[in-house]
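Single-structure report; data block below.
Labels run A, B, C and D following the written order; every chain starts at residue 1.
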Amino acid sequence: MAELGYTSNEIMTIAASRRLADGMVCFVGIGMPSAAANLARSLHAPEVVLIYESGTIGARPTVLPLSIGDGELAETADAVVSVPEIFRYWLQAGRVDVGFLGAAQIDKYGNINTTVIGGTYDSPQVRLPGAGGAPEIATASKETWIILKQNKRTFVEKLHFVTSAGHRPGAHGSAIRGRGPTVVITDLGVLTPDPETMEFTLSALHPGVTVEQARAATGWELKVALHLEITPEPTAAELAALRDLYARTEAAHGSASTEG
Amino acid sequence: MAEITTLRNAISSLVHDGSILAMEGFTHLIPFAAGHEVIRQGRKSLTLIRMTPDLIYDQMIGMGCASRLVFSWGGNPGVGSLHRFRDAIQNSWPAPLAIEEHSHADMAARYQAGASGLPFAVLRGYVGSDIPQYNASISSVTCPFTGEVLAATRALTPDVAIIHAQKADRKGNVLIQGITGIQKEAVLASKKAIVTVEEIVDHLDAPMNACVLPFWVVTYVCEVPGGAFPSYAHGYYSRDNSFCKAWDGIARDRATFMAWMHEHVLTTEDFAGFKRSLNREAEAQHG
Amino acid sequence: MAEITTLRNAISSLVHDGSILAMEGFTHLIPFAAGHEVIRQGRKSLTLIRMTPDLIYDQMIGMGCASRLVFSWGGNPGVGSLHRFRDAIQNSWPAPLAIEEHSHADMAARYQAGASGLPFAVLRGYVGSDIPQYNASISSVTCPFTGEVLAATRALTPDVAIIHAQKADRKGNVLIQGITGIQKEAVLASKKAIVTVEEIVDHLDAPMNACVLPFWVVTYVCEVPGGAFPSYAHGYYSRDNSFCKAWDGIARDRATFMAWMHEHVLTTEDFAGFKRSLNREAEAQHG
Amino acid sequence: MAELGYTSNEIMTIAASRRLADGMVCFVGIGMPSAAANLARSLHAPEVVLIYESGTIGARPTVLPLSIGDGELAETADAVVSVPEIFRYWLQAGRVDVGFLGAAQIDKYGNINTTVIGGTYDSPQVRLPGAGGAPEIATASKETWIILKQNKRTFVEKLHFVTSAGHRPGAHGSAIRGRGPTVVITDLGVLTPDPETMEFTLSALHPGVTVEQARAATGWELKVALHLEITPEPTAAELAALRDLYARTEAAHGSASTEG
């Protein structure tokens, strides 16, 4: 997408950042979620409250953190609490508006796998990092947003392992407290759950991306919303802010910190 | 009652083959020096507990110290996979590694239960997740008032906790500042505790509501400046991000890993020696 | 999102007849000014929750604000009994007072459960005690791993928490220093929260690991200098021990109590007026 | 006892203070326990660790606190933690060597009543303050010491209400973790449990007190140990230290703070 003047990573991050309203309380995963949330904070949502699972509440980093526990998060936070406290008093208590997660794999119901791929659980083909905070972020936040690149390895018909729950019918019981995953933002477009089936459906495409490309990058038979929107082009201000954020991050860490 | 001693003595006194060890530090204050000392002393069959096994557990697992890993997220933060961790689970190299995995919220609750003298903790956890199917330490309880069913999780009570902190005073009171993570709970949940610190000072000068571990819950205090490298110690030094990235290349290949560990850890005296060895290599490459 | 307003407005907006109110402050930072405002506004049928009902609840109970008291220790610390509290329980004066009593460990656990979004808490409590026989909010659970039976206690989720703290900034972030007690949990367990503070400042300047309540969990912040009198605010003023002793004499007799409350609380505008009234009396007596 | 040169309060406090060994971790109730513990700290046990339920660990007050949450406790403590933490991580976890309690009433098994006297629970003759921290201090500490004045109102055959458990046979179940009450120190002498019956038995008398006086001040048929000891006289140093402590306290608070 070089001809568009921005990368697919950039439109994905910008599209995600636009969804964050000012004042929202956002439990932020590292990498893309953190980039999108901090971009929003530098643009239209200066008062968004960022919580990182290391215990930093209201962090305002000037560069993107490389881990969820960078020192700058503590230095700029309104409060720094212990890890048990962040999960019990802040996440589990239902104080988080948006749990913002990355994922290795998702299925059409927004279930997430970050545990194992292939083989068996005890003898997997690929051992992934595991759950981290995600199982409880996914079910205790008022809603969850998922951001990841879209391809047949990441968007699969059936997960090998459900690490963190989405809208898997029948599996929730009464204990899920929020609305679950309400949006999946990818490098190709945006998926939202069908209100009846809760199946993630293509509801927007980024500029220049076709439905066929999105279908080809999806491991299930991707449905398309009746009114398919086109993500508005990144503005010059958005692009400048994002690139500036990455440049500052690169200068500080020697890394743009978009993975992990 | 804390005794101030060398790291070598602390590890050899408390960490034995088969010990259940919790080394904590949540992205901050990771006890790398202590991990290296366990490797140098050749411990085997350890149960290693850690919310976020990262480079230090990758090294310990790759060196065959562990037979069991209890954890909630195993990766190289900001970089990617842990190759020794993956190799152990996928290919049983250098030894089979049994795993018991949880979520962060669960692990934090388990440490809290251990620190509180309770046999289990209750959490709203694992709704719709497959994890409990593979883990006998996760069960459920019913609220006697509302009838709600919640996750229950077995308390953690390790043999030894090892953490790194900024300061201790000469009695062994320990001050942890910045991101305090799960370290206090890990120490209080464990039967014994080793704390490595940046410095031992006459007066702790802790702010009134700071995170302080009183001397009488700490077994050994060891002064190891820079002992959290390549992680960071708030107020002392920053994370060495380039080391974390370089680790990806070192750990990817078994032979490269073994050679690196031999050169920099097994044949150095202590953590200061390890860092001198790294510096010599860096100078040789860049000079 | 905290709104900075007057105490009168905060109380009238959130505290209604029948409200379930938790006013906390464990020997330190007791929200006296807020208690007086509840009395001035004539609230009735409140459920009053407090680990240590002391002078302020004695006043509220004596003025007939409460129909129910949930507590773990009711006394005048260092002095003796609470006469209005005893008169209400022993003689239903001025109104019957239902009580629900717990131990401190239990009350603390109940606030924690409420703050954690859990319906109950588990504790090793009440072994051999008669208390659970008289309290339906105390039950038991069995550990699913060890079979041990432990006390279970219902979470507290008050309508409104009221606390006093040292400082807030203009956004409403609150700093509590010194003995922080149970106030953070009380605020986080409650649906709404009022915080009176010694001062509102431009910058909180909180130490990194201080006890800070972020603005978005606080409903109203009210600047009430001296608002914890006659208890104390660390860094601002000491406890007025002579007031606590004098209270014993004032509260012992119904008529003396009513006259005192009328003169100093009911007919004063606010807490500053209350203190002026006390000072006038002191001057009249000594001058 | 004016002819002895000290009061019964003084010998009681001094006798209690002598039992505290240096380095012990002591969970201290306000009033007499706090006075005895701080006296010990000023004499033979400078490193005794005092925990007050307000969350102060390792407090070293220069005067006696008037409440368990005086500011000086926080200023001199090694650590100041929240109230939930003090009960869960420190008391319940079994880290306390000695729980040092006052009481309104006890029975021969060291059960304590601080709840109601007379009438019924709902309509008592005398409403006492209630439990405070005592039910869990009494059962989670490695042992408990009780200090109170001995008379027929305080030493009763049968309690109206058991607030905090002692050695009431059969009532403990498996959850009591420590040895329970191991000593009761009064203004007349010292009682310790008979190793077989666990009934509190007179094992020492303060100087000048007779067995008959002790029996007359006890609401049950008081048994006397085979080897009845006499409490050694207060030393000049002990008396001076105690009086100095009260004088400093009086000057600071306008109160000697021995009650409550």
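One rule holds in what follows: a contact is a pair of C-beta atoms (placed from the backbone, for glycine too) under 8 Å apart; a residue touches a chain by one contact, two chains touch by 3 or more.
The structure displayed is predicted, hence computed values, not measured ones.
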item: Shortest walk length in steps over touching chains, chain B through to chain C; value: 1
item: Chain B and chain A - chains in contact with each; value: C
item: Of A-C and C-D, whichever chain pair has more C-beta contact pairs; value: C-D
item: Distance from chain D to chain B - Cα centre to Cα centre, in angstrom; value: 42
item: Euclidean distance of C-alpha centroids - chain C vs chain D, Å; value: 28
item: Separation of mean Cα positions, chain D and chain A [Å, integer]; value: 57
item: Residue list for chain C, restricted to those that touch at least two other chains; value: 112, 117-118, 123-124, 148, 150, 178, 180, 184-185, 208-211, 234
item: Interface hub residues of chain A, defined as touching at least two other chains; value: 74, 80, 88, 92, 140, 177
item: Every chain pair meeting the contact rule; value: A-B, A-C, B-C, B-D, C-D
item: Chain D residues within the chain C interface of the complex; value: 30-31, 53-56, 66-71, 73-74, 80, 82-84, 87-88, 91-92, 111, 115, 119, 121, 123-127, 129-136, 139-140, 161-166, 168, 171-177, 253-255, 257, 259-260
item: Residues of chain B touching chain D in the complex; value: 1, 112, 115-118, 173, 184-185, 188, 206, 208-210, 212-217
item: In the complex with chain A, residue positions of chain B that touch it; value: 26-28, 51-52, 71-82, 85-86, 89-90, 101-105, 108-109, 111-112, 123-131, 134, 148-150, 178-182, 184-185, 211, 232, 234, 238-239, 241-242, 244-245
item: Residues of chain C defined as touching chain B within the complex; value: 117-124, 137, 139-146, 148, 150, 152, 154, 177-178, 180, 207-211, 234
item: For the chain D and chain B complex, residues of the former touching the latter; value: 23, 25, 49, 57-58, 74-75, 78-80, 88-89, 92-95, 140, 177
